[in-house]
Amino acid sequence: MSSELHAVPATNETHPIPWEEPPLGNTAVLWRSSLNPIIGRDQLRRSNSIFNSAVVPFGSGFAGVFRIDDTSRTMNIHAGRSADGIDWEIDDQPIAFASDDPRVAEIQETFEHAYDPRVTWLEDRYYVTWCNGYHGPTIGIGYTHDFTTFHQLDNAYLPCNRNGVLFPRRIGGRYLMLSRPSDNGHTPFGDIFCSESPDLIHWGRHRHVMGTRPWSWESTKVGAGPIPIETDEGWLVIYHGVLTSCNGFVYSMGAALLDLDEPWRVIARPNDYLLSPQVPYEQVGDVPNVVFPCAALVDEAADRLTVYYGGADTVTCMAHGRLSELLAFVRS
Amino acid sequence: MSSELHAVPATNETHPIPWEEPPLGNTAVLWRSSLNPIIGRDQLRRSNSIFNSAVVPFGSGFAGVFRIDDTSRTMNIHAGRSADGIDWEIDDQPIAFASDDPRVAEIQETFEHAYDPRVTWLEDRYYVTWCNGYHGPTIGIGYTHDFTTFHQLDNAYLPCNRNGVLFPRRIGGRYLMLSRPSDNGHTPFGDIFCSESPDLIHWGRHRHVMGTRPWSWESTKVGAGPIPIETDEGWLVIYHGVLTSCNGFVYSMGAALLDLDEPWRVIARPNDYLLSPQVPYEQVGDVPNVVFPCAALVDEAADRLTVYYGGADTVTCMAHGRLSELLAFVRS
Amino acid sequence: MSSELHAVPATNETHPIPWEEPPLGNTAVLWRSSLNPIIGRDQLRRSNSIFNSAVVPFGSGFAGVFRIDDTSRTMNIHAGRSADGIDWEIDDQPIAFASDDPRVAEIQETFEHAYDPRVTWLEDRYYVTWCNGYHGPTIGIGYTHDFTTFHQLDNAYLPCNRNGVLFPRRIGGRYLMLSRPSDNGHTPFGDIFCSESPDLIHWGRHRHVMGTRPWSWESTKVGAGPIPIETDEGWLVIYHGVLTSCNGFVYSMGAALLDLDEPWRVIARPNDYLLSPQVPYEQVGDVPNVVFPCAALVDEAADRLTVYYGGADTVTCMAHGRLSELLAFVRS
Amino acid sequence: MSSELHAVPATNETHPIPWEEPPLGNTAVLWRSSLNPIIGRDQLRRSNSIFNSAVVPFGSGFAGVFRIDDTSRTMNIHAGRSADGIDWEIDDQPIAFASDDPRVAEIQETFEHAYDPRVTWLEDRYYVTWCNGYHGPTIGIGYTHDFTTFHQLDNAYLPCNRNGVLFPRRIGGRYLMLSRPSDNGHTPFGDIFCSESPDLIHWGRHRHVMGTRPWSWESTKVGAGPIPIETDEGWLVIYHGVLTSCNGFVYSMGAALLDLDEPWRVIARPNDYLLSPQVPYEQVGDVPNVVFPCAALVDEAADRLTVYYGGADTVTCMAHGRLSELLAFVRS
Amino acid sequence: MSSELHAVPATNETHPIPWEEPPLGNTAVLWRSSLNPIIGRDQLRRSNSIFNSAVVPFGSGFAGVFRIDDTSRTMNIHAGRSADGIDWEIDDQPIAFASDDPRVAEIQETFEHAYDPRVTWLEDRYYVTWCNGYHGPTIGIGYTHDFTTFHQLDNAYLPCNRNGVLFPRRIGGRYLMLSRPSDNGHTPFGDIFCSESPDLIHWGRHRHVMGTRPWSWESTKVGAGPIPIETDEGWLVIYHGVLTSCNGFVYSMGAALLDLDEPWRVIARPNDYLLSPQVPYEQVGDVPNVVFPCAALVDEAADRLTVYYGGADTVTCMAHGRLSELLAFVRS
Amino acid sequence: MSSELHAVPATNETHPIPWEEPPLGNTAVLWRSSLNPIIGRDQLRRSNSIFNSAVVPFGSGFAGVFRIDDTSRTMNIHAGRSADGIDWEIDDQPIAFASDDPRVAEIQETFEHAYDPRVTWLEDRYYVTWCNGYHGPTIGIGYTHDFTTFHQLDNAYLPCNRNGVLFPRRIGGRYLMLSRPSDNGHTPFGDIFCSESPDLIHWGRHRHVMGTRPWSWESTKVGAGPIPIETDEGWLVIYHGVLTSCNGFVYSMGAALLDLDEPWRVIARPNDYLLSPQVPYEQVGDVPNVVFPCAALVDEAADRLTVYYGGADTVTCMAHGRLSELLAFVRS
């Protein structure tokens, strides 16, 4: 286990991450929380579903950005706070992004939709990325210091793109982001790419990281999930992979290890998934058979990892595991 | 609330409509019956599913026309009777339509299928409309005085069409019908139109009433449900809207208000759905994620409304609400 | 040959229909005019293409309604006049339909498109039907006395429909129209139906006339073309049939005979096409491989028939034949 | 009931087939085991799902070949043994096929996948057929004497094919096999054919047995299930039929009777299904709404039949019935 | 050049194969005949198109089997004879296959269609293979001694299959056939396989020969064309490859060399096509952009090769080349 | 006409651009060269087609970068030179890009394909952009001083993207590029976006410029063509628009005017196309019905404009016009 693990800012020393020992006889690398779903679909008065959401340590507890589809099925992102990472108080209103950059107004003229957020501490603030509708889905970027006021930067890429995930520190002086270029619908393809930026506004040096594998749980598309977790051995990436059955997509969760300095190089990628839809809150809902990870909390000292994932595009869930066992699984 | 509310004939003064107070803490406009599904899929010996069915006050109780797919998956409609609107005795054999009109025999030569009925009291009898297969789906029309003998008129439209819903009285001397033109398969489009007829045989003056809305619960198609409910403010229309997820269609229920005299003009249409598939009997079944309303009973004096809807194309369910609150919701 | 042939009004006795003897060695029932295409795509300054057009005897010569797609590819219909049926003077501006019926304004609010017209003399005036865009393609109806002023009636059907073709006289006191219900795109299915009306506004008694035939030149869809030609033996219907090759649709021309009194009953329908795309102006153009008939002129005394058809959705063409031979072909 | 019933070899006289009396009030021909699913998805450490599997009497108990998709979603087949046909011990490793035939190595060079096995006693050994990936899905054939060592023959057909089911004895001196030709994806068509072979290597005399039926539970495709059961009246074939709903395929189970000597001739085929997905373990799983039979055990003396079938492409289930009632159902 | 070249029986020593020297400045391996198309679409009174046809030396001249789609677009095969291989007399009626094998009647009950024939001299007679409709396309086999009387064998394979091409002699005592398994429509995939038979009735030992190549003229499907030509270096196979442009399939002609004893092993396969649609009779017709070879005549002594191919699924064409140059091209 | 027109570097003062007066009676804004196609498909020994190519003034004549698909249908770009812009000498070998930037090697590891180039003089050199295959199509950037040695920069965007077109000068200190994001196939959608870069490596500030228009010649997709031409009134952009007929895409040419300082703002955009496929070399070829502009030469003093465009994805063509008339057309 790495002493260089830096997934979280130093501001949260006090509250442990959510945790639960594995059920008796468990042999899996990750196990589901017995509290699942920790956030139900109707926690807000006008929420249709709360899922695919991002959580980070914040203050003496945790903060998060949540995907909430309301009862008109408009997709938007809301801020929330929690003392223990389990019971969440989520803002009734979506995040209203301000911006110091006058040109950002050009892309804010018409709100289309916002979904599938990720959040990371990076240098001096919390950055949020999300799928931002601007003549098609693309990657929105914003930041906050306090999860109350949010500032928007320009979109990172041209449409169509989804699942933009920032690395939690600069590499070689550059910001890096994983993303999954897509089309403008229920995209039947998708590889993970890595892009670089000097300023979080202009992006280039796009490199292919990893693609799909035929006849597998990830034969249709793959996309990055939580913020990459830095370890001595490389960046630990938890991601979703999709298989197309005769009755639709099945989203499962997997993991891989990327090179620390050139993270578009894959060091290890096992054949097996980590978690696939096998319990009712993952198999039944607005989109059946979806396990979709968007965040992870790590307690390096305790060798603990908690992944937040969406179930069936409807509810928010947690899975726990030992970081050391997960790394062993990825190397296997 | 309107004193001109005329959704039901005067013959039923005695039996109250099915009713249940909302569950504790309910904030929704409609709430599900705790008896759901009130009709199971296998109530008949050869029934595969009983759903998307129509109910009206009749005699001292209620009568209905039920969509029953049998165990060969042939779709047909059956008559039924109930004292309380909850426990139903349904005929084992499908409705056999007779006709005084010799030309109706021309369209009865080959039975294809019959499904998704609606029923209304109109002037002096109960009219039934349904999706009638005749070289493609179109709108069949028939009537009954007693729910025992049924008479068939000619089909209203050319194929392909579904969800034909008569207004419960003439407007401007003409009969009016809502319908949703379609294609001959699992149609990925659909708007609601209004047509007029002097004689229930010839139809014209087709007007567009309302279409889909992008990025919403009704982005793929919309179709009328129960017989429009007349109120002082307009015709209250409860309808289904469909969204296409990456794993198929999701059918939800919504409501709108149409102009009393020119019902192709929409007076009010809120953004939110009324009810979406959120419980197992709506999420799991022959077609997952379907809430499909086909009838409503109204007790104006008691400010009560009960909607009958199909769950997952498998079972028959009820939802209750206050008519005044529903109108407030639609106006919102 | 029938002495009851009434395809044209009595007003044109003077000018013969366009005619050309068959080429040497011809064995086909119909042969192409050596003047083809008689109307080029760019006859008007802003025309992209002129095709699928309708022609009738008028005054001492001929008049017509022409489909013209302009250089923005807007589809519209224009009136035209000709002394000989070959050289046409076509109005630069599309037909502007007036209406005495105030409700027609309701469907004129937004012009979508107008295409594929047919024209017939019926009782006391020339009726025009066309594919009229109103929230999808449907059948527009209008009339003119002089091909200068045109009056619009209400649309005949709900969308989606194309190829509405009126019979040239009432049958059993009713107006009759053939049409081909469709979907809202490049429809991959289509049968011919017959509908009736007491007033040209309300339509019913929809009957299936004829469908596609597998493994044939008409395996994808069929649609009526010119106004049906009355003969002693029945209504002679010239129509288009479509086959789907691996590189798209192929439109050919065929013929059938319908019962005089119940024209939804097919009396004779041969297996062979009459004309398929075999020359460059039919094989190459905006839509390759299209022969699409929309009108026919008949000189009963001379046993002559001239069909007007579109070539490759680009130009207007003629084919000639002997009516007696065509009837023999259809009976074969 | 036939005394010529020969579905099982003479080696198993001792152990009764799994059995359970019908639930109170049952009117169905087949009823589900109260032990369902008898094999869970995660019985092996790396199994994602265990389903669509084949079982035969063996020794003093039963043996089987099981489809197991592992946690990389690789599809493979494993051998297993059971004393009672209910509790199964399944090999952790897939079957490793040896072969005396040197040319079989040519098709073993690259393993693609193996799934949906069937097993039958035929003359002197147990034959296994399965869907074997070789540049597309086709029918693999192998045999075993002991369910420990397995020998592979050459593939029976060209791709693409699935659901190859051997008859349990030669007919007219020839081996016969049912199969369902397909395409290389989630095939939307499929009929049952019968082929003959003198040597189990070369196949010909391919005959169409039965196809789909429109507007029914088997309107998309049909494929053979268990080994045909010989009766005095003909070969009793239990098969799957598929309907396409707007949210995907629905697989149900049906039965038919084939001629004893010319089994491509259908003697009887009722309209109704035997069993359709109606309980959670059939409706929810990796592929919702799947009932897929692959094997049957028959106790002729006791008039008992037990069908093994896959539920939702996830688990293994049993259904029981009276052979005499099943035959009566098929004849009805 | 090989002295073992045996593509033709010994009965034709007298008449040279059709030949034309290359045009001035030609650098291509194959060049088109200046007589193209040698057979027009309307050579028969009811022919819509004559193409994709097979030719062999016969008697003192040549004989052939021709694909003719008639004017109902029924696909059938006709026999023909020619003194010079260029001017053909083709039978007005399709081949009527008799059979000594009583079981062949089982597959002749319903004629669906017959197309794309190949012909080879094999041992003592001329064998014909073609795409034979029997509940889907599959490979029909027949033979003739005189091109007047034809005998039918059983179909070789289960549907769906096309482009069955026999080798002109047994290999290892077995008959061999190339084919291209397909689906039941305008198949978007297709590889070449090789199958073996002891008796031309039962087929097995199916081996993959060659597949498509991405980003090439043969990226969608490949299928064998003329009978393989035996040379010292291997079997020379001329085949079609298909690319999918945004406006449909493009069929070109290529060549490869297969191992003499194990012809499923590819010895040489160049990257370039031999001939692609570049002249009007290949680019324009019932299916634009098709070059489809079905036969080749070889004059080994003169180092000449003439390929017969269909143009645009409409007409029959020839291309000439030097066998030595073609072999050099394939080896390149 | 603007005196600030700077589309070409100062190095070419000597040779006039290709020019031809309009044909008699011409009323079109652009007219075709009578020399078309100026470059045939087989100008190189192994070229299948030469089209969609870019031309600039260079030295005393002209230079260009040409899309050449070779006879394996590999797509690549080649340099060429011409004295008069009409007769071209094109390199037999594709451009081999060197690079001083060591990281460019990372994207050069596997060549996929290169096509549809554009060229512009920008500051001190000629920049080339093209569709560069790197795990999907994206925009490659390179430069040359002499059309002999070419240097590659990093790809501008993530896949999938096509039709990257640089502005010929910096605006607000930034490089700007138009592009058309796509999917990875024959994309059925496409809008024009504008992106900015400080260094030609990192790109951001992506702005939507213009989209499709329903029921028009540009209803499926639009993409920039030649380098924008600077005029007093704005950037004159010539582009392609695509309509989907029932037989495939039709590519036409249009023009619009963009704001000089904020070129994502459209100043003028007429409804009509400039040129659509109407002559054989545009209607017939590897992709029928394609007019695809990639370059323009301007002689401001002479009020002349010559557009280079591909015909039918097969050959290279020219069209001429008066710049003043083109601007008037765009403003209309």
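Per-chain numbering from 1; labels A, B, C, D, E and F assigned in written order.
Assume contacts are C-beta pairs under 8 Å (C-beta built on N, C-alpha and C of every residue); 3 or more make two chains touch, one makes a residue touch a chain.
Keep in mind the model is a prediction, meaning the values are calculated, not measured.
> So which chains count as neighbours of both chain A and chain E?
Per touch definition, common to chain A and chain E: D, F.
> Tell me, please, which chain's centre (mean of its C-alpha atoms) is farthest from the centre of chain D?
F
> Going by more than half of the contact pairs matching by residue number, which of A-F, D-E or C-F reproduces the interface of B-D?
C-F
> Check the residue numbers that chain A and chain F use where they touch, and answer same if over half are used by both copies, otherwise different.
same
> Measuring from the mean C-alpha position of chain B to the mean C-alpha position of chain C, what distance in angstrom results?
Centre separation, chain B to chain C: 40 Å.
> Find the geometric centre of each of chain E and chain F from their Cα atoms only, then give the gap between the two centres in Å, rounded to an integer.
Distance between chain centres: 42 Å.
> Cα centroid separation between chain D and chain F, in whole Å?
Once rounded, the distance between the two centres reads 59 Å.
> At least two other chains touched by the same residue of chain B: list those residues.
As it turns out, chain B has residues touching two or more other chains at 247-248, 284, 288-289.
> Quick one: label the inter-chain contact graph as line, ring, star, complete or other.
Contact map by chain: other.
> Give the pairs of chains that touch; include all such pairs.
Contacting pairs: A-B, A-D, A-F, B-C, B-D, C-E, C-F, D-E, E-F.
> Write out the stretch or stretches of chain B touching chain D in their complex.
By the definition above, chain B touches chain D via 41-42, 45-46, 48, 70-75, 112-113, 133, 186, 247-249, 284-289, 313.
> Taking the touch rule as given, give the residues of chain D at its contact with chain E in the complex, in rising order.
Interface residues on the chain D side: 103, 106-107, 134-136, 138, 154-161, 179, 181, 183-184, 189, 191, 193, 195-199, 201-208, 211.
> Which of the residues in chain B end up touching chain A in this complex?
Within the complex, chain B contacts chain A at residues 27, 215-217, 219, 243-248, 250, 271-273, 276-278, 280, 283-284, 288-289.
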